[in-house]
Amino acid sequence: MNTEDRSMLAARIAGDIPEGAYVNLGIGMPTLVANHLGEGDKEVILHTENGVLGRWIDAPEGEQDPDLVNAGKVPIKLLPGAAIFHHADSFAMMRGGHLDICVLGAFQVACNGDLANWHTGDPDAIPAVGGAMDLAIGAKQTFVMMDHVDRDGRPKIVPQLTYPPTGLGCVTRIYTNYGTFETCSDGNKVRALFVNPAVSREEIVRSTAVEVDFSGI
Amino acid sequence: MNTEDRSMLAARIAGDIPEGAYVNLGIGMPTLVANHLGEGDKEVILHTENGVLGRWIDAPEGEQDPDLVNAGKVPIKLLPGAAIFHHADSFAMMRGGHLDICVLGAFQVACNGDLANWHTGDPDAIPAVGGAMDLAIGAKQTFVMMDHVDRDGRPKIVPQLTYPPTGLGCVTRIYTNYGTFETCSDGNKVRALFVNPAVSREEIVRSTAVEVDFSGI
Amino acid sequence: MIDKQTSDLLEVVSRVNEGDTVAIGGFGGAGSPNMLIDALIKNKNAKNLVIVTNNAGQKEEGIAALLKAGKVRKIICSFPRMKDSWVFEDLYRKGEIELELVPQGNMAERLRASGAGIGAFFTPTGYGTALAEGKETREIDGVNYVLEYPIRVDVALIKAAVADRYGNLTYKKTARNFGPVMAMAAKTTIAEVSEVVEAGQLDPECVVTPGIYVNVFIKV
Amino acid sequence: MIDKQTSDLLEVVSRVNEGDTVAIGGFGGAGSPNMLIDALIKNKNAKNLVIVTNNAGQKEEGIAALLKAGKVRKIICSFPRMKDSWVFEDLYRKGEIELELVPQGNMAERLRASGAGIGAFFTPTGYGTALAEGKETREIDGVNYVLEYPIRVDVALIKAAVADRYGNLTYKKTARNFGPVMAMAAKTTIAEVSEVVEAGQLDPECVVTPGIYVNVFIKV
């Protein structure tokens, strides 16, 4: 995805987040969603696993404080109305299902909602999980934000994960540069909720390793 | 016990609490121990299950606040250096074994440290437990403060509880108007650490339902 | 703009439905949300309730009044027997109210577990006592534990000191007690507060209950 | 009079013994007690350690320096792979350090459990993944959980903002992170702080770590 496509995708996700929602934006591409929130009157409350709930922006030059960072270790500046807490309280909030939406990147998503985003399975890789597994299962809805296909053009929406799972049955929606799709706990398909007008349905079908149900749009 | 005996007993317990100890004083007679702490230079930190750690006194007339009470619901006035927390944090502190000493009343104590202080077993009684079971097992040392015998003159230090237990093997020391005794996890006796000079050893032996080992004093 | 403040007391308590489990803050009088309780008594749908609260009320006020109004089927609490708790005692002796007696710390931890997504936990409190009868036990590293489960709560009624429009709360001294864990445990949390301030007036480092745990609040 | 302040940095870290499990606060650089870590490196007895910490250090500073000094047998952490974490990566690839990888929330909760007297708990995090392999699982009310045990800690090294002589602590913003739960979990907690105030200067309502969890602190 180029920068413009990423920005459009982030805007599409932001548009689907209602006012008043409590949202965790995962490290990497999902952080772009923040740029499209907080515009106009819609207030969305962000959560970062390292202990803040509230609204914030990236800290401007000269206002950066190494003791006030988000989960990606980027300095932030809090807007009025935030709360700070320790790690056990922060993850209790996630694990307890209090967040409305979590937006995460993914290597693969199975059509039943299984998510792989923490480890490629490469035996030489240094393993690192961070909060990925807590985030995957912690929110009322988990949105995945990703390229529709991998670098080699292979589908990332699959019937069954081939990468090691991060969480089972946790993803509710998949946002890609090709469209927006709902997972389906009991079937072998995803349901399209939105199709990028620049992409043909044939292209989507070809690039998705499970059936795509377009009947809802 | 008359008022003077109670006061002497409270002073004896207070004398055995070292400076810097973290102490929970149970409702009822144990609260008298507070009157003998904080005299001189010895600082002892109190804990109350409803969420305060620090030093305090009973709130003087005119400074009583219904939102600042101890576990017995008595208004208190905090001295400098206190901390306030919620109930789950407060009981985590107890359960986690961070308190050095807890002083509790008792119906009965078995010589192995089993404690009965929450229910007489009377089927007509309205049951109520409060924090008794958490306190019993929560401190590094649990001291019992009680009359040596019950109203009918029967021993309260027994080989086995006949009242329903509050906690098993939790009492380390028993302070009575007759003396101070150590429980013994593997035997059928208690060890005397102190004998009230006004009470004969024969009287103690007669009033205790297990062997009393005086060899240590 | 998010604003969780309301002034409609009866609408607020109408969120309690028949058969709900309602957690009510307070340790004795400290932290008891008496205005919400009084309003709840006037709510006709609120009956057959299970209430979770540390004490069972005194005289005919607060929780005692709720019990007297015949709203409560069962009470989950640690210490129902207090001075002047005759309303509870009378109902209990007549067999008109069910009591689940829970050690106070297990009650707090079971509420936290409910809010924290913990499925069950092993606690040493109560092991070997009548209050652990029939429960699963396990020895871990030489200590005996009882397995306890979360207390699921439909609605929490709590009392706090200060709120901002996001629902961030602070409490007043020992009135804090069960408020924070009940707010975590409940699907819907309703707070009565003494003061409302502008967003930004509460120090983020001193917020005790973050707004995510509060659905609506009302100024007393 | 209680006074937990000291100025003897080397004496303080001498409380760490060979083979100890040492929890070290911080999320990346925020909240990392670098002065204590640097002193620990100079402590000859501190070897063969197990460290519990979120990240594995960057460049050759802080935890990375501790690893480089050969003090650490095993690391329990959630995210060892960061930018410039070459010291850890090199030791790991050479098989010279053992890694127990723990989901971040399970790490925090296992530390809390250690301090809170919880023997074990059922968590949904990690169920069905490689990090739950071989662990006991259970379905409770339709949700699948993994049984996780406390992380027992000998010494915690944490960084806080303000202390009073009783060891009550506040933290600075997101430097709070693991400090409070590590202080709970440890037998001995050592804090480095930026400021020391008279008893009574900290608002009791805003103390984050009560002094009971702090054995000694030192001003940076």
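As written, the chain order gives the labels A, B, C and D, with residue 1 at the start of each chain.
Everything that follows uses one rule, which is that a residue touches a chain if its C-beta (ideal position, glycine included) is under 8 Å from a C-beta of that chain, and two chains touch if they have at least 3 such contacts.
Since we're looking at a predicted model, the values are computed, not measured.
Touching chain B and chain C together: D.
Seen from the Cα centre of chain A, the chain whose own Cα centre is farthest off is B. When the C-beta pairs in contact are tallied for A-D and for A-C, the bigger tally goes to A-D. Each chain gets one centre point, the mean of its Cα atoms, and the points for chain A and chain D are 29 Å apart.
Once the centre of each chain is set as its mean CA position, chain B and chain D turn out to be 34 Å apart. Chain centres here are Cα means. That of chain A falls 54 Å from that of chain B.
Those residues of chain A in touch with two or more other chains are numbered 52, 84-85, 92, 94-95, 138. Residues of chain D in contact with two or more other chains: 109, 112, 116-118, 123-124, 171, 173, 176, 204-205, 208. Contact topology of the protein chains: irregular, matching none of line, ring, star or complete. Chain pairs that touch one another: A-C, A-D, B-C, B-D, C-D. Across the complex, chain D is touched by residues 48-52, 65-69, 73, 84-88, 90-92, 94-95, 119, 126-134, 137-138, 164-168 of chain A.
The part of chain C that touches chain A in the complex is made up of residues 1-2, 112, 114-118, 164-166, 168, 184, 198-200, 202, 204-205, 207, 210-213. Interface of chain C with chain B (complex): residues 27-31, 78-82, 88-89, 92-93, 99, 101-106, 108-109, 111-112, 123-131, 144, 172-181, 208. By the touch criterion given at the top, residues 109, 113, 116-124, 138, 140-141, 143, 145, 149, 170-171, 173, 176, 203-206, 208 of chain C touch chain D in their complex. The part of chain A that touches chain C in the complex is made up of residues 19-20, 22, 41, 43, 45, 47, 52-54, 78-85, 92-99, 138.
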